[in-house]
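The chains carry the letters A, B, C, D and E, assigned in the order they are written, with residues numbered from 1 in each.
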Amino acid sequence: MTRAAPWLFALLFLSLWEIAVRASGVPVYLVPGPVAVLGAFLDAPSLLLASLASTLGVTLVALAVSAGLGVALALLMQASPLARAAFQPWTVVLQVTPIVAIAPLVIVWVGDPFASVVICATIIAFFPVFSNTAAGLAAAPAELLDLFRLNGATRWQTLRLLRLPAALPYFLAGLRISGGLALVGTVSAEIVAGAGGVASGLAYRILEAGYRLQVPRMFAALVLLSASGITINLALGALAGLLLRRRGEA
Amino acid sequence: MTRAAPWLFALLFLSLWEIAVRASGVPVYLVPGPVAVLGAFLDAPSLLLASLASTLGVTLVALAVSAGLGVALALLMQASPLARAAFQPWTVVLQVTPIVAIAPLVIVWVGDPFASVVICATIIAFFPVFSNTAAGLAAAPAELLDLFRLNGATRWQTLRLLRLPAALPYFLAGLRISGGLALVGTVSAEIVAGAGGVASGLAYRILEAGYRLQVPRMFAALVLLSASGITINLALGALAGLLLRRRGEA
Amino acid sequence: MLTLERLGRRFPNGTEALRDASLRLQQGDFVALLGPSGCGKSTLLRLIAGLDAPDAGRIHWDGGQAPAPGEIGFVFQDATLLPWASAAENVFLPLRLRGVARGTAGPAVQAALARVGLDGFAAALPRELSGGMRMRVSIARALVSRPRLLLMDEPFAALDEFTRHGLQEDLLALWRELSCSVVFVTHSIYEACFLARRIVLMTPRPGRIVTEIESRLTASPEARLDPAYAALVADVTHALQQIPTAEGPLAPSHAAAPAWAGQGWRQDRP
Amino acid sequence: MLTLERLGRRFPNGTEALRDASLRLQQGDFVALLGPSGCGKSTLLRLIAGLDAPDAGRIHWDGGQAPAPGEIGFVFQDATLLPWASAAENVFLPLRLRGVARGTAGPAVQAALARVGLDGFAAALPRELSGGMRMRVSIARALVSRPRLLLMDEPFAALDEFTRHGLQEDLLALWRELSCSVVFVTHSIYEACFLARRIVLMTPRPGRIVTEIESRLTASPEARLDPAYAALVADVTHALQQIPTAEGPLAPSHAAAPAWAGQGWRQDRP
Amino acid sequence: DDRIAFGTDWLAEAEYGGYYQALANGIYRRHGLDVTIRQGGPGVNQTQLLLAGRLDVAIASNSFIALNFVKEAIPFRVVAAMFQKDPSVLIAHPGQGHDSFPALRGRPIMISADTRSGWWNFLRARFGYSDAQIRPYTFNLQPFLADKGAIQQGFLGSEPFSIRAQAGFDPVVLLIADAGFSGYAQLFATSDRLIATKPDLVQRFVDASIEGWRSYLGDDPAPGNALIRKDNPEMTEALLAYGRAALKRHGILESGDAAGRGIGVMTDARWADFFTTMSAQGLYPADLDWKRAYTLRFIDHAAGTETRRP
């Protein structure tokens, strides 16, 4: 029952949607029903799937970079209280700077469109991993910190043997939030970057379908996007379960 | 020292930036120095500040709505395992759906531009509070859950007296992430929703100044945005400190 | 009140904590559970409370009905307090969960705190208390709701002897007053003998219940001065030494009669 | 080794845990600390270890030099294990922090686990261990690094008497072998008398050190059979009863001589 | 008065001067219209708002949108074309050899997504451009200015001025309309239903808008400009003047068919030419009923005379 629940819910939701669309007679160019959306997907599956692949490629790279960077910066701040005091407030700048504003600068400095989009998506996805990891590193229990101090642990040992393992659940929770953000960040960056010379991602399909008034296709692209987001989220959830199970925290 | 560090760092950074800009002779329309940015702000302070006020208004409403909705939904899922099974995966959909794609639909359905922007920003800001709160509600220690079970606690009592207090630090951490997202979400939504008639927010300043090559003004708007983001983040951090201090978790 | 029939419990990692553990608990009984560290005492209490389920055997409640939730008081081996709630709030919790209003519960909570010697610490948070004080809050919490069945897992282990004696006597008084049933895990033979009507001995892991010794002492502070108390201690100590283990009889390495003990009991010191 | 000079410690919430606590610890000394729950024993140990700082008074180390980090072994009142690391990893930790390679440390870790009776549980995680077993891991961890100063906060409170006796004797052997200094907090008068060279008594909160009793027992398993042991127990019990508290002398309510005790010592049971 | 929500396809600027002028000078009011102008912007899809009924009339940026109505069977069409020439341009740095459309073949060009699905197809057809040339365009001149080799899209009345003002040079400006692009720009799109039920309203709106344009281009543009600056405070007088001058100099509104037959005029011939080119590119099926994309009934009659100033 619990296993089937999300599917049943989805089925129910889609049925209601189709019924509502048919009953109300909303034209397909305004809100297409699920059948029309599926039809639009089947019209040009390879086109949409190729775009999806392109977007997912950027997303995964951006997620990996965010995770690496987030952990590295969190470690740096943990290692040096001065660095923390000096930088911590400024990391927020990255989170709140809108892609639209920095995309042109990134393009000026980076040039390569793929790298530019990765950088923009990373900027969006970076913050949750970073801030959760930093919180996790700071949350090591006081009595265990005492134990390490007493045994003459170096800062690095305390980090590796105590703070990092203690931060793992926090990191994984942050990663799960960042997973979705990397995806939506990629799409946003793609949109800003517009047509982008490289293989065109889902964002372009969405925009293009919007301009061409092919609303069902636009919805099909959105559905693919959502499905990818759910998959990434579930995959990261499974990863967290796997890593924490042994520790009895899952 | 630690108190002054962020300011010293900022000063150092700004000085280096100004020096670099002057030394390299980068034209002001590419990268303006801090002095030029300040000048641009002083040129039209009321214009920028009015936009800031408009953006912040939406941000705060969106943050409040996200927090309320996130907690409510997390509670619902905690209360009913079936609801959790059915809905949890679908909440990701909200996170990964790009604003750009749904903003037109939201505007079409909602009409009122202010409400539309709030809804878009909420969609972005909602996920971290929700997912952190849900994690916190699920993270109540097993031995305390046993205690409650043994004493015949109702689901509701367990929620109110155990799960909610246990989730508080998680909620606050999520809120801090959402704070920044609400801001950047507002800006993104403003961009997509266009000036749309209401008092124009910072997004519009950034875009239009960028488009018009009034780069110093664009930077001034960006600086205001960053400053607001930092303020929101620090304020939420202070709130968390206050609420957790008594519990000895700060 | 309840019968444990050949209970078995093996944890997922393969550790077999209990095997064929059988025990009968009468209404109003006071059973002390003695056994080496890691033999399955805590596991047994959790099975009785319904917090864990046996892999083998079954638990039969007289009248077929397990106690209603809230009728069992459990002092866990660790204090298990709400970290964000004061001592008084923690003690209030069981009453609160039963819907007793704060005002109504106030005197009972105060009395329970006073009984464990924490009058001055009603407002203190757990992290502001010493280890023994935390344990006393936990004891007060289990007693405040006047349960029908009291499960206590080494409740007094972290307390000094004076506090401990006082609480032992309070416990006896409460037991008589409520005529509740008690299962009391302890490592102290003296404590077991002073408190319990029946002393139950467990083997090392996998825990089995091998010996039961009845006490004929009157449950009262005066029992400490009763020669029968000393005799009982000696009996239990002897019985413990008879329990076979993989490495021979379960007994301290120096298990010779002390030169200065000569009144029918052999092993009088912990 | 060190001198505590009129130490005072008042916590931010106003609780005064220690006042004017003075103590001298010789190199190679073995001091037992007895006192009622909440009197400041754990606080005192933390001050000695440098994990907390006194508000008044000072700690003077002979030669002016506090032990190097890693030279102090501390058994905390709670087990304080890394929850994600196995028993063996937890015991290995102090050696690891000193840079000892896993291979080199292996036998020592194995030996320490065996000494506390956990040979079969090297790979078990803390949550898979019983309360007493966790505490034993913590003891093994403190001993494995052969410290110069050993601070032990009720290390054996959660253990059955047989295990406890064995570990007491192991501790004495180790103490002689390393000629380290030990400060040992316990609630058991017997344990204090059996182990310590000096028994130090503290008043109820705010804790002060009021009495010191020297032991002339030889530190060996045979001491349990020595009549002088019983005499010492009686002395300490008597001294404890003399400690004045706000509510009169600190003594159990039934503090009369047991009828069955007649060999020069009065209070022979915990 | 009849209320009309009218959506422009970009932020307020000289390119919409006629409508703001009609608003400011009471021309709409005189025609019994209560018009609200809703600005567009990057990312704002006004067509979608039109379809949803949030706008009564919206500016369709180009002829593609009208053909898309037909292709997707959407009951909307265009009723007038304000710009005879599309003011879209490609701009490049001088002295780089980027002086003509053919010279740009194979060069990286920054264009936006809507351009890619719009007049980019014309450039592909006419000059053999390929999609591999496309680079991201962020509605921002910084990447262009930072790179001397850069080429990007733009609007006649906008980027050249900004570049002159800020960077101090005149870029190469290539107007696609001059290269033979036959698409109209700034078309009025509205629903078939409105056309059927209130043709008079549509007629008055088209007429008043044309009159507004005449006033903006021929008279003092100050009232319109003031309204523009109210909607878009980033706009400067200098830029507005430049934009207006560009419209006039290049005959964006008043060249071609409009020169004789008045602003807003469309012809079957131009539509046919446009459709043939684009369907040859594979954008539209050859059997598309392209004539359903527009109606000529509201233009090309009394418009010229009626708007003569009193």
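Note that in this section contacts are C-beta pairs under 8 Å (C-beta built on N, C-alpha and C of every residue); 3 or more make two chains touch, one makes a residue touch a chain.
To keep track of the chains, here are their UniProt names: A, B = ABC transporter permease subunit; C, D = ABC transporter ATP-binding protein.
Predicted, not measured: the structure shown is a model, and the values here were computed from it.
*Asks:* Minimal path length between chain A and chain D through chains that touch?
*Replies:* 1
*Asks:* Please identify the chain with the largest separation between its CA centroid and the CA centroid of chain D.
*Replies:* Most distant chain from chain D: E.
*Asks:* Report which interface contains more C-beta contacts, comparing B-C against B-E.
*Replies:* Ranking B-C and B-E by C-beta contacts puts B-E first.
*Asks:* What whole-number Å value describes the gap between the mean CA coordinates of chain C and chain D?
*Replies:* Taking the mean C-alpha position of each chain, the two centres sit 25 Å apart.
*Asks:* Let me have the rounded angstrom distance from the C-alpha centre of chain B over to the C-alpha centre of chain D, please.
*Replies:* 52
*Asks:* For chain A and chain E, let me know how many angstrom lie between their CA-based centres, rounded off.
*Replies:* Inter-chain centre distance comes to 37 Å.
*Asks:* Indicate the residues of chain E shared as contacts by at least two other chains.
*Replies:* 43, 45, 48, 52, 140, 142, 146
*Asks:* Using the touch rule from the top of the page, what residues of chain C touch 2 or more other chains?
*Replies:* Residue numbers touching two or more other chains: 78.
*Asks:* Hunt down the residues of chain A that sit against at least two other chains at once, touch-wise.
*Replies:* 30, 100, 104-105, 108, 191, 207, 210
*Asks:* Can you identify all of the chain pairs that touch?
*Replies:* A-B, A-D, A-E, B-C, B-E, C-D
*Asks:* Which residues of chain C touch chain B in their complex?
*Replies:* Touching chain B: residues 46, 49-51, 68-70, 72, 74, 76, 78, 80, 82-85, 93-94, 96-98, 125, 127, 145 of chain C.
*Asks:* In their complex, what parts of chain A are in touch with chain D?
*Replies:* Against chain D, chain A makes touches at 143-144, 146-154, 157, 161-162, 165, 168, 246-248.
*Asks:* Give every residue of chain B touching chain A within the complex, in rising order.
*Replies:* Against chain A, chain B makes touches at 1-3, 5-6, 8-10, 30-31, 81-82, 85-90, 92-93, 95-102, 104-105, 108, 124, 127-128, 131-132, 135, 173, 176-177, 180-181, 183-184, 187-188, 191, 203, 206-207, 210, 218, 222, 225-226, 228-230, 233-234.
*Asks:* Taking the touch rule as given, give the residues of chain A at its contact with chain E in the complex, in rising order.
*Replies:* Touch list, chain A to chain E: 27, 29-30, 100, 103-105, 107-108, 111, 113, 116-117, 191-197, 204, 207-208, 210-215.
*Asks:* For chain C, which residues are in contact with chain D within the complex?
*Replies:* On the chain C side, the touching residues are 11, 13, 15, 34-38, 41-42, 77-78, 117, 124, 128-133, 136, 153-154, 157-166, 169, 187-191, 221-222, 224-225, 227, 230, 240, 250-254, 256, 258-260, 263, 268-270.
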